[in-house]
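I've put the structures underneath this note.
After this come two complexes, each holding chain A, first together with chain B and then together with chain C.
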Partner chain A sequence: MMISLTIDDRQIQVAGGTSLLKACLDSGIYIPHICFMEESDRSPASCRLCWVEIEGHSWPVTACTVTIDHPIAVKTDTPAVRHLQRSALQLLLSVHRVECKKCPANRQCVLQNIARFLEVGLKPGRLQRRLKEPDVDGSHPYLDHYPNRCVLCGKCIRVCRNHDNRTALTFAGRGFHTVIRSFGRFDSDTVACDSCRACVEICPVGALVIREA
Partner chain B sequence: MDMVLDPQEESALKQIETELADWGNERSRLIPILQMIQERMDFLPPRAIEVVAQHLGISASEVFGVATFYNQFRFTPPGKNPVKVCLGTACHVRGADIILENFERKLEIKEGETTTDREFSIDRVACVGCCALAPVALIGEIVHGKMAPSKVEGLIMRCQIEKEMAERASRKKETGE
Partner chain C sequence: MNNGTLRQRYQKLKAEADRRRKASEEAPGAKIRIGMATCGIAAGALETKAAFEKEIAARGIQAQVQTVGCNGHCYAEPCVVIDHPDSGFPPILYPEVSPGKATMLAKLFLQGFDPRLEHILGATVENDMIPAVADFPRFHLEKRVITQKCGKIDPEDIYAYIAEGGYAALTDCLQQRPEEIIAEIKAAGLRGRGGAGYPTGNKWELARGAAGSEKFVICNADEGDPGAYMDRTLLESNPHQVIEGLIICAYSVGAAKCLIYVRSEYPLAVRIIRTALGQASDAGILGESVLGSDFAVEVEVFEGSGAFVCGEETALIRSIEGHRGMPKHRPPYPALAGLWGCPTVINNVKTLATIPPIVTNGADWFRQIGTQNSPGTAVFSVVGNVTHPGLVEIPMGTTLRSLIFDVCGGIPGKKAFKAVQIGGPSGGCLSEAFLDTPIDFDSLTKAGAMMGSGGLVIMDEENCLVDVSRYFLEFTQKESCGKCTFCRIGTHHLLEILGRLTTGDGSMEDLDLLQGLSEDIKAGSLCGLGKTAPNPVLTSLRYFAEDYRAHAQEKRCPGLTCRALMTYYIDLAKCAVGCEACVGVCPVEAIFTTSNRKKGIDQEKCVKCGECRVVCPPEYDAVEKVSPPGLAPLVERPAEPRKQN
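Up next, the complex of A and B:
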């Protein structure tokens, strides 16, 4: 069933059951987002970037978690939305080592693009910069992980889980100390990593790279 | 990453392996099983994580991820002299972080780690319950109040001397002198 939406000043028709974020992106309306994956059925909404305001709601909501089942009117560019998005991006950048020239994701990095879109500087500004130690984690047999580039979107874990519901990557630790890690043994779960590059390819910020032999 | 287990730990782990079947293999059994292993071995060695993963049919990384979320689980064996530095409010105000860092420097390990000879381990604790003596550190069960950075080396030395004295005494006994 097609449902008609009003997004900013545009009218669009979308199939019921799609997420609002996907509907907007498909119609060429850009909403900043990092953790959203089209193929996955439930979005973790962990990047806190895809805020929109929906008429009738008293506060902004994340577009990736809204499933369209009736006509709604959406605003993607209100002061409240931009304020939340800028804060979320600044928080992500406050735990990010900004060394774009040395980073493999330079020029294709989602953080650079969103910062440009939201007109936010890459410097931490009013926030304190908190970096993790060590700068490179080599626990995985084939991959190097850079926790200070990582935005903890979890896409690598989800794409890995897609293979056979077993994952060689995990969130380890908690709070500020959370990192993406592997248990780090050559076992049945990492043996396939030699030829599979799914996590490296999906990483939006170049935090996972194949270790040079 | 490979850790050498002593013979006692080896046999404890073997015993646990044989008993795992009684614990069921649903995913929801993961934390109870980890708790059981931690209680019996005082820590979760890497091999135990692999054994549990295999038993539940999930990846070792996933078991590791869950275990690292909880402070309850540790991945290194506690040392023979477990050092616990209190970082509760009173101790924090009186500079507990300096005491902690001094232990870390002198023992050349970080908080949550164990020296390679397994003599010392360092942990931070929230409150020991004797705030009047802040800052406080525990070595084993003994509370050391009114700690100062300068006392750290003396305490470590004391443990080493006590160990050497005990060794001398047992040698004497053996040789029958």
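Up next, the complex of A and C:
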């Protein structure tokens, strides 16, 4: 069943059951987002960027968690929406080593794109920058992980199916110290991380890179 | 289903329970009931029990030593009730019974019939000889619905519970249609005791109406708030009331499988629940045919690994499913799509324990307790600067003032009340202006605090609200699951800012930043942990603005707590010539003798542990605290006398 939505000043028709974020993106309406993946059925809603205001709700909601089942009117550009988006971006930047020139994601980086869209610099505002130690985690046989680039969107975990059809990446630690980590056995004959590269390709910020031999 | 069979099955259990109780009551000699929940054991109840047993055996006294749960008077543990009919006295409650006191009571009371009145708290029943504890404010202001049987019965004996009327409510329910039970719970207006106060009946109705043949009920006994121990005490003192509520819930929503999710840091609770489940199965109350009916139910124990966030219902489910405990966005709510995607009711321990009394006494009875929108009682574990800490159960609507000053005896040591932190890390810090706030879900939320699951910390004037907020933020930041941006990173910044305020490195701009960041974290976080983590900061910023301003502007800690901003000195006008009390306790040898044989503190060496202040004899009371440290008068250490070789 098609449902009609009002997004800002546009009318769009979407199939019932889609998420609001996907509906907008499919219609060429950009909403900042990092952790959302089209293929997975339930968005983790962890990056907290895809805020929108829906008529009748007093406070912004994340578009990835709204399932379209009736017509709604949506605003993507209100002061409250932008405030939360900028605040979330600043938080991410406050734990990010901003050295774009040295980063393989330079020019395709989601943080750069969102900052440009929100018309802010790559700066954490009034927050002090806090980085993790060590800067590189080289415990994986093929991959280097850069926790100070990582935005913990978890996409790498969700695409990795390389180990008996199970993911070999996980979140580890808690709070500020949460990181992505690999676990399990990595025998070169059973694991083909160097040829798969799914996690490296999906990483939106260049936090996972194949280690140069 | 045959209601006659059901009733017969129950009558048989009840008759057996009555027979056992009578046999125990009629057994000659005294009964000594010792509180043996974790609080009692921590205070030495095991040693007390051993001392009674040894003395009874040695003297050949006829008496039984029985173990019961916690009666809530944790400040008085180990608590012992001695019921000694031959002495002519009513049953008497003795507080703080050390092994020495136990030996003395065995000799003088059990054998000598002298109850040693100077050691009693009171009689447990009304009588003409001894004041009854029921007349004390603590007892008559309390209203016990959930904890009514706690401390009275042996938690490891199902018949003790049945003799008190236990499992009659379940028997009743099994003769009703599930819809009728749900209607009764809705009519009672019961709201979840796990913190958020969601109407329990509505939750059950949702799950009952949800599609799917397989459904689950989970008892949430994760209890991760620092300082909270209501659920543990309840499970250790009367597990069957919770299990009965759980089975009624399962029957009402159509679930065949229940789980009790309890943290593995509660070994005694886990053991007592397992024992209780075993006994319930043996009695035919669990299993293929509950009390002979065609309702089948299983209950399993799941031991959580003690992450605070795993108390959040979606994270709890994830962890049972074998994943890292990380919350998910709701909706869908677990009542519709929970464990393994099936409709799942998750209720707190206290919520479930409230079910049997409601079924037995009816919704109208329940509504008479408490307030219009928050009927029933609230259980709090009261800790902090208060004369009688412990577990209390009060009707909703009781004011904070009455709870703190009447029920719990007020602030000890002539100090003034400063703040009450209610609702744990998700709750808020309220000032004196809120003492007349009634305790109910809505009033507390309005004040910026929260009912939470029942932690209540009382603070006197020597507490610093900046430091208290820092403490709670340290907890929430450590326990944040790390999933979402605002909570993971935002609480880290909050903690850092609070940290620098407590060391005097903060500024007035920091207060602005705290406020703005807190509001964003509240609005932007995914789950309840992040949404409520800023509450201690927001409330203290609002109600204790002066504490923050003093730290930021004057580098002064009004509560004299933040070590970097305060110091100790010895008032030479009060210090006694020749007294050496403080010298030995100082761990860093910072105390020296002045030229007129009084004492001074070497500020360079002092680590501000405060030991000297504790030991300074009250008649001198010479050790003072000041903030900022620069206010301490300078006392010169006399030049070292030349060593004689």
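Criterion: the second predicted complex is superposed on the first by the 202 of 213 C-alpha atoms of A that agree within 3 Å, B and C clash if a C-alpha of one lies under 4 Å from a C-alpha of the other, contacts with A are read in each partner's own complex, and residues count from 1 in each chain.
Note that contacts are C-beta pairs under 8 Å (C-beta built on N, C-alpha and C of every residue); 3 or more make two chains touch, one makes a residue touch a chain.
Remember, predicted model here, so these are calculated numbers, not experimental data.
Ranked by how many residues of chain A each touches, chain B and chain C are led by C. In the superposed model, A:113 makes contact with neither chain B nor chain C. After overlaying the two complexes on the shared chain, residue contacts for A:40 are found with neither chain B nor chain C. In the superposition on chain A, A:181 makes contact with chain B only, while chain C stays out of contact range.
In the superposed pair of complexes, A:173 makes contact with chain B and with chain C alike. Of the two partner chains, chain C is the only one that A:59 touches; chain B does not reach it. Touch criterion met: A:94 reaches chain C, while chain B stays clear of it. In the overlay built on the shared chain, the residue A:78 is in contact with neither chain B nor chain C.
Where the contact sets of chain A with chain B and with chain C meet, they give residues 170-171, 173-174. The touching residues of chain C, counted against chain A in their complex, run 307, 324, 326, 328-329, 477-486, 488-493, 496, 509, 513, 517, 520, 523-526. Residues 1, 46, 49-50, 58-65, 68-69 of chain B are the ones that touch chain A when the two sit in their complex.
Listing the residues of chain A that touch chain C in their complex gives 42-49, 59-60, 62, 65, 83-84, 87-88, 91-92, 94-95, 126-128, 130, 151-152, 154, 170-171, 173-178. Within the complex formed with chain B, the residues of chain A that make contact are 139, 166-174, 181-185, 187, 189.
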